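What follows is a group of structures, each given as C-alpha cells.
Each of the next two complexes has chain A plus one more chain, namely chain B in the first and chain C in the second.
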Partner chain A sequence: MTVAVETAGTAVNGGDRVSLLRVLGPAHVWALGVGIVLVGEFTGWNFSADKGGTLAALIVCWVVGLLYTSVAMIDSEVTSTVAAAGGQYAQAKHIVGPLMAFNVALFLVFAYTMLEVSDAILLGDTIVAKAGIDGLTHNSFIAATIVVLAWLNYRGVLMTLNVNFVITAIAYVSIVILFFSVSPWTQGAVLKLNELVTPGNALPYGWIGVIAAFQFGIWYYLGIEGTTQAAEEVRSPARSLPYGTMAGMITLLIAAAMTWYVCASLMPWEYLGITPYPLWDAGKLTGSPLLENLLFVATLLAAIASANGCINDAARAWFSLGRDRYLPSWFSAVHPKYRTPYRSILFLLPIALAFAFIADLNQAITFSILSGVLQYTFMSINIMMFRKKWPLGSIRRGYTHPFHPLPAIVLFCLCVVTYFAIFLGFGSQLIAMIAFYFLISVWFHFYRYKFVRRGDQFSMPWPKPQGY
Partner chain B sequence: MSRYTPPEQSKTGQIFDIVVVVVAIFVALWLPLKLGLAGAAKSIDALDAKTWEALGQNPTMASIWEKLGYTPETAHDVIQNRFHYVIDWPTLIIMAIVLIAYFVFLFRASDREYRDVIIEKFEDK
Partner chain C sequence: MWIALSYACWGISIVLALWMLFDWFKVDTTYSEGVLTSSREGELEAVSEKHRI
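Our next item is the complex of A and B:
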C-alpha cells in the first residue's frame, strides 16, 4: 500500500509517485463551497433568532455576510497564490509558521467534522420527524449517512463533487421555488411578516441580543472557505478558486435573504429560534403538500451535500498534517487506485460517529462555529503578514483583492464581536476549546515538531520573505 | 546553518502520538458535554396564566402555533425559555486573557520555527 510522502500532493508507492488528481473545475469549487454551507439555511441560522429575535437574525445575516465577503476576498488572493491541499493550512505554513499551520489544520478538521456531525443529526432528526413512528431513533440514519458518505469520499473526489453539484443545485432551487410560491411581493395572503415581527418582539433582548445572535449568524455561511481545500485537485487554481468562491458567496447571500424573509413571515420568533428544520416547517405552513415534501427532500439533500463536502475537506486537512509529519506520516497515504487520502478519511470516521451520538445539534454547531471563528481570526492577521512579507509585485498572484487592509480589519473586528457572542450563552465551551488548542500547541512546539523537516516545509517558488 | 535531519519515528511512537491526539480531542469536546458545561444558558420564566395573550402571542401567532400542533400549555415552555444576558465580568476577563495568551503564544512560537525554516530553505540555495 501507499507509504511515505515526498512532495506536495504526492506520495510514493514502490517508486511510483501517487498524487491527488487535478480533475476539478469552477463548478466543482462552487459545489464544494455552497454544498457545505447551504445546509445552514435549512438549519442553524435560525438559532440566531433564539438568541436575539427575528430582526437580529436579519441584521446578522447581512453583517456576517460582510464578514464572509471579507473571508472570500482574502482567501481568493492567498489561495490563488498558495495552491496546495490543506487550503488555509498551506497558507499558514508559508506565511506565519509551522505551529500556526498545525493549529489551522486542527481548526479546519474540527470545524468540518463537527459540521458533518450536525448534518448527520439534522438528517436523522428530519427522517424521524417525518416518519412519526414511536420508538424510532435517529441513530441508524446518522450512522448510515456518515459511513456511506465516507465510502463515497474514499472512492474518489470527482464522483464525490459531481454528486454534490447535483444535490446542492436541487436544494438551492427548492429555496427559490418556495420563495416564489408564497407570493413574496404581497403580505397577508401567505406571508404575515407585519403580524409576526412587531415593534414589541423584533428585538426581544435589545441590542445585546443582536450581538449574541452573531454566534449562529455565522452558520448562514460557515464553510465557504472550504473551497480552498481542493486547491491541489483543481485544474486551474488561479482562475477556478476565486470564481468558484465568489460565485458561491453571492449564491449564499441570495439564499440567506430569501430564507430569512420566508421563515420570518411564516412563524413566530420563539418557534423559529428552536426548530431544527425551519425551511421544512415553512413548507408545511404554506399548506401545500408539494412544497412540504419538496422542502423535506431538500433538507435531506442539503445535509448530505454538506456532510459530503465536510468529509472531503476534513480528510484533506488531516492528510496535509501527516504529509508534513506534523502528525504521524501514516496519515499521508494516497490510495493507489482511487487517489484519495483514504487513511485520513477512515481515521476521522469514528470520531464523527462518536460525536454524532453524544452531542446534540446546537452543541455540535457551536463546536464547529468556534473552530471557524478561530480560523477567521488567523486569516485576518495572515493576509496582513502576506502583503508585508511579499508586497504586490514581488510574486505572481492569481488574484489581488481590493481595498486592503479594510477587509482584514472588518474581519478581525467581527471575529472579536463573535467571540463575545459565543461568550453570551456558550462561554464554557469556548474556554474548554481554547484550553485544548493551547495544550496541543505546547505538545507540538516542544515535542512533535522535532520530527518535522525544516526547509522542506516551504515548497512555494517564492523569494525570501521581507524581514527574514 | 547545517540542514536539520529529523529522527525517524518508530511505529510505537507514531501510535502513541495518534493516541495522544485522539484523547485530547475527546477530552476537549466530550468533557464539556459530560460535565454539562456545553449548551445554551437558558431558563424558563414560568407564567401562572397559560393563555396566548399572557404568552404575548397575537391571533396570527396563536393560529400558527396551533397549526404547528401546540396549545398555550405546551407552547409555554418554548416561549418562556429565555436567555438571561448578564455579563459575568470575571469569566469574560478570563476568556479574553486565555484567548489573547493563546494567540500570542501561537504567533511567537510560530515565528521562531518559521525563522529556522527560512534560514534552511534559503541558505541551501
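Our next item is the complex of A and C:
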C-alpha cells in the first residue's frame, strides 16, 4: 500500500494522468474470481436439488462446469489482449460495437451489484440464525457488510484483494477439512449416499427436472468471469489473467465436486433443496461442534469475499462507462491517493444498500443470474467475431484457447438451455429484464450516444480487422 | 452479545460512511476535475505493445 500511495502522489505532482494502479498478480486474480464464486458452494447450488433431485444437482454441476470452463477459456484469450478495466465491456466495445458494450456493462453492474446484495442478505440471515434471538434483525449486519467493504475498496485495490485472498483461502480450506473429516473413502460410517440417493428418488421429476436445475446450477461458478475486471490493475495482464482465471476454475470444479458429495451423502434431497446453508448444515450433521463452527465462520467469510469482489467489479464496469462518456464522465474520477474509482464505488453503495433492505433474496439472485447468462451469451458471439476479425497470427495474444469454435458453440447452447430453465421458474422476471435492456438500449442509441467521443473510445493499438 | 454486535455494526457503518463522504468532499475540492478524470484506457498497451508478430 505504501508503494502504491507514493506512486500515486508522484503521478499527481508530476502532472501525469491519475490512473488505476498496476499492482496485482495472478494470486489476486484468483482471489477475485474464486472469492466472488465460492459463496455459491455455501448456498445457492443446492436449490437445484429442489428443482430436479440430488442427481440433477450433480449433473448440472458437471454440465454447468463445462459452460464455465468455456467462459474461462474464451475470456482468458480475449482479455489477455484487451487489458482494460470494464473487462467484457471493453471487449464488446472493440469487437462488436458501442451498443453491445453499453448493454454488457449494464449486465456486469447488475450481476455484481445483485450478487453483492445477495451476499449481504445471506451474511445477515446466517448471523441471525446462529444467534437465535427474538427481535434481532439482519439489517445492521447487511449495512456493516456493504459499507465496510465499500470502504475497503475505496482505500485501494491491493489491500482489498489481499484480504480477499486470505478469507477465500480460509473458506476453501474449510470445505477441504469437512470433506476429509467425514471419511469420504467409506460409506456408512458418516456418509450415507447409497441410502439417500436411490434409483427411486435420484431424479424425482425426470429429465425436465435436470433442465430446471440449470438455473441454480449456475451458482456453482457464477462470477468467475469477474477476474477480467482487474485487467487494468494487474502487472502483467497477458500472463496473470489467463493463469489466475484458469487456476480459479480448476479450484472451483474441485470445490463443487467435494461440496456435492458431502452434502448429498448427509441430507435427503427434500431438505437439501430448501436449506439456505447446506455446508453449515453438513457441519452440524457430522456431530462435531468444531466442524459446525468452522462451517458457520466459513459461510460468513465466503459471503464477505464475494461481496468484496462484487463491489470491486461493479465499480470498475461503471467507471469504464463514465470514462468513455457512455454515462456522465463524472463517474470516471480516480482517487489521486488511493487510485480507485471512488465516485463509482460511492454511487453504487446506496443502491446496494437499498436493494439489500427491500429486496427478497430470491429476486436478487435471479436478477444476478439473468444478467450473468446474458453476458455469457454475448461472450460466445464475441469470440467468434474476435477470431474472424483478428485471426491467429494477426494480433498478439497472451493465451489462445483450444478447440475453437467448439467452446463457443457449447457455451451458446448451454446458455439457451439455462434461459429455458429460468423461464420455467422465473418467466415474468426474465421477460421484465429483457424489456428493461431493450428500453435502455433505445435510450442509449437515440439520446446518450451523441455525448460519446467516438474516436477516443477505441484505445487498443490493433491492426485493422480483416474485411475492413 | 449479539445485540451489542448489532449496535456496533450500525456504529461502524455510520463512521465509515461519514469518513468516505468527508474524503470525497476533500478530494473533490482539492483537485481539479481534469486531473481526477484524466485516466485513459489502454495507456500501457499504447506504450509497450506494437502488436507486430
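Definition applied: the second predicted complex is superposed on the first by the 452 of 468 C-alpha atoms of A that agree within 3 Å, B and C clash if a C-alpha of one lies under 4 Å from a C-alpha of the other, contacts with A are read in each partner's own complex, and residues count from 1 in each chain.
What we mean here is this: a residue touches a chain if its C-beta (ideal position, glycine included) is under 8 Å from a C-beta of that chain, and two chains touch if they have at least 3 such contacts.
Here the structure is a predicted model, which is why all the values come from computation and not from measurement.
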Q.
Just checking: does A:G425 make contact with chain B only, chain C only, both, or neither of them? Give me first, second, both or neither.
A. first
Q) For A:S332, is the partner it touches chain B (first), chain C (second), both, or none of the two (neither)? A) second
(Q) Touch test for A:L346: chain B only (first), chain C only (second), both, or neither? (A) second
Q. Now for A:F403: first (chain B), second (chain C), both, or neither, which partner does it touch?
A. neither
Q. On chain A, which partner touches more residues: chain B or chain C?
A. B
Q: Applying the touch criterion given at the start, work out whether A:F180 contacts chain B, chain C, both or neither, answering first, second, both or neither.
A: neither
Q. So, A:A90: does it touch chain B (first), chain C (second), both, or neither?
A. second
**Q.** First (chain B), second (chain C), both or neither touched by A:W207
**A.** neither
Q: Across the two complexes, find the residues of chain A that touch chain B and also touch chain C.
A: 329-330, 457
Q.
Quick check on the complex: what are the chain C residues that touch chain A?
A. 2-3, 5-7, 9-10, 12-13, 16-17, 19-21, 23-24, 27, 31, 33, 35-46, 49-51, 53
(Q) Using the touch definition from the top, list the residues of chain A that touch chain B in their complex. (A) 50-51, 92, 96-101, 103, 110, 114, 192, 195-196, 198, 200-201, 204-205, 208-209, 212, 266-268, 270-271, 274, 281, 284-285, 325, 327-330, 351, 354-355, 358-360, 362-363, 366-367, 377, 381, 419-420, 423-441, 443, 445, 448-455, 457-458, 464-465, 468
Q. If you look only at chain A, which of its residues touch chain C in the complex?
A. 12, 17-20, 22, 83-86, 90, 127, 131, 133, 135-137, 140-141, 143-144, 147-148, 150-151, 154, 232, 320, 322-324, 329-330, 332-337, 342-343, 346, 349, 393-396, 457, 459-463
Q) Considering the complex alone, what residue numbers of chain B touch chain A? A) 3-7, 9, 14-15, 17-18, 20-22, 24-33, 37-42, 56-58, 60-61, 64-65, 67-68, 75, 78-79, 81-83, 85, 87-88, 91-92, 94-95, 98-99, 101-103, 105-107, 109-118, 120-122, 124
